[in-house]
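Chain nomenclature is as follows: A, B, C, D, E and F, assigned in order of appearance, with residue numbering initiated at 1 for each chain independently.
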């Protein structure tokens, strides 16, 4: 990892950027699907009813906050694990 | 999108074709899995019993028809959204 | 398939190796997720309790054995199908 | 989604093709998720007949409409929040238009 | 699945390798789905012991056999329909053989 | 995970970049699975409010800790078995460290 030369670094960053773009897209479409699945279950109407819409908004809110929290904890644990299990690195 | 030159167009079509091939394969294996999951739950026999086989056939029928219908509606909605939200395009 | 020249064979093996590496990684992370999902459901504690840990260990054991068995049966069936449906090949 | 890529000047061929493929992929990912959800919500798992009946057909149509509506709402909400974080004004229209 | 690719004359190296990889990918996708379904159907989630017991082992074996059978049935059905649409005769054998 | 790739001498540029990307992918796959599991386990699907409440927050924190612990246990177990098969001693530490 540490031995990449500048050209390799650039190639890596460019491919990482593409990957992150895709990850973000997937995260977004998963969020849409999850909130749709959990909030929309009435197909006697053609448009969202207000209860469904409110549920979707709160669902998005809660998932974004939850994911952010998970991300922070994940990084802490990951850092702790690297430090603990691979001393001297 | 609109500014691809002919060589780029060819490259794009060729990669799109590969993608569609893969999509079709995935669609197929998902269909097998779904109909298996919904129709086959008896493992006291080694071969499909006739109830299971009938269920699988109807399942495939229904899913193909359902997917076709979803595809048409999706395209309509997509076209409407593009027209409505991006006027002048 | 059978008509690959040596250079093509090498390229194919190298790409197959990468694929297998990825497959193994995915298999591993699926296993972690599955055993976590099935065994860990108590979040009143911060560390695994002994019941959870035992469950995870047996879960891993059982899944590895199950997957191995499935792999053998799959190959047998696959071989039988190729032989039966494509005579003369 | 061409707005995402349209702004940049002078993309290389490879970049333009990648952008086009990413766009297609995203639409197809959305369709796959919509299909998974709507088939599950509208088609009971007993398969009494192979044809779609009237109720299932209507359910699928409405399911697509509602899925799109949810997509627009979520997209607007996320754009609004992104704009707030940047201190700018929320953009109109759906950033994540399918 | 080589029939899918075998018909075309003069494939380039890249195409031949892609075709081989696609074939491997498809078999492995099928195996992953089969595993997911059969482990779920045959192994109860309580994990009382680490070994497979007799009932679980037999269930897994039959599950594989039935999954293959379903694969063949679905493949034949789809080929039959494809052939009908083209006005031709349905081909024998499984187009989607794993 | 650099141990997986660090041992080989003289990797080409393409190989080094692939190895780095594989490492990133694996961490991100693990995070995606952890998220899926923990959001499901800790957040009830009724969404009465948009904020995380105290109970949900604590649950998420513990869920991450337990997921890591399971990862370490599974990794140690698999390494132990791999070592047994090779007749060698089980290595300490997590081969599959995230």
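Assume contacts are C-beta pairs under 8 Å (C-beta built on N, C-alpha and C of every residue); 3 or more make two chains touch, one makes a residue touch a chain.
Which protein is which chain? UniProt says A, B, C, D, E, F = Mitochondrial import inner membrane translocase subunit.
Being a predicted model, the structure only gives us computed values, none of them experimental.
Colleague: Just to be sure I understand: going only through chains that touch, what's the smallest number of steps from subunit A to subunit D?
Modeller: Graph distance in the chain contact network comes out at 1.
Colleague: Taking contact as defined at the start, I'd like the list of chains shared as neighbours by subunit B and subunit E.
Modeller: Chains touching both subunit B and subunit E: none.
Colleague: Could you give the fewest steps needed to travel from subunit D to subunit E through chains in contact?
Modeller: So the least number of steps between the two chains is 2.
Colleague: So which chain is the furthest away from subunit B, centre to centre on CA atoms?
Modeller: In terms of C-alpha centroids, the chain at the greatest distance from subunit B is F.
Colleague: Between subunit C and subunit E, tell me the centre distance in angstrom, where each centre is the average of that chain's C-alpha atoms.
Modeller: Those two chain centres are 15 Å apart.
Colleague: For subunit B versus subunit C, what separation do you get between their C-alpha means, in angstrom?
Modeller: 25
Colleague: Which subunit E residues reach two or more other chains?
Modeller: If we look for residues of subunit E contacting two or more partner chains, we find 25, 34, 42, 61, 65.
Colleague: Give me the residue numbers in subunit C that touch at least two other chains, ranges are fine.
Modeller: 39, 57, 60
Colleague: Thinking of each chain as a vertex joined to the chains it touches, would you call that graph a line, ring, star, complete, or other?
Modeller: Here the contact pattern is a ring, one closed loop where every chain has two partners.
Colleague: Reading round the ring, first subunit C, next subunit E, what is the order of all the chains?
Modeller: Listed round the ring from subunit C, with subunit E adjacent next, the chains are C, E, B, D, A, F.
Colleague: If you look only at subunit C, which of its residues touch subunit F in the complex?
Modeller: Within the complex, subunit C contacts subunit F at residues 18, 21-22, 25-26, 28-33, 35-37, 39-41, 43, 45-48, 52-53, 56-57, 60, 64.
Colleague: Within the complex, which stretch of subunit B touches subunit D?
Modeller: The contact residues of subunit B facing subunit D are 1, 3-5, 7-8, 11-12, 15-16, 19, 23, 38-39, 55, 57-63, 65-67, 69-71, 73-74, 77-78, 81-82, 85-86.
Colleague: Using the touch definition up top, name the residues of subunit D that touch subunit B in the complex.
Modeller: 2, 13, 16-17, 20-21, 23-25, 27-28, 31, 34-35, 38-39, 42-43, 45-52, 56-57, 60-61, 64-65, 68, 72, 93-94, 97-98
Colleague: Inside the complex, what are the residues of subunit D that reach subunit A?
Modeller: Per the touch definition, subunit D meets subunit A at residues 18, 22, 25-26, 29-30, 33-34, 36-37, 41-42, 58-59, 61-63, 65-67, 69-71, 73-74, 77-78, 81, 96.
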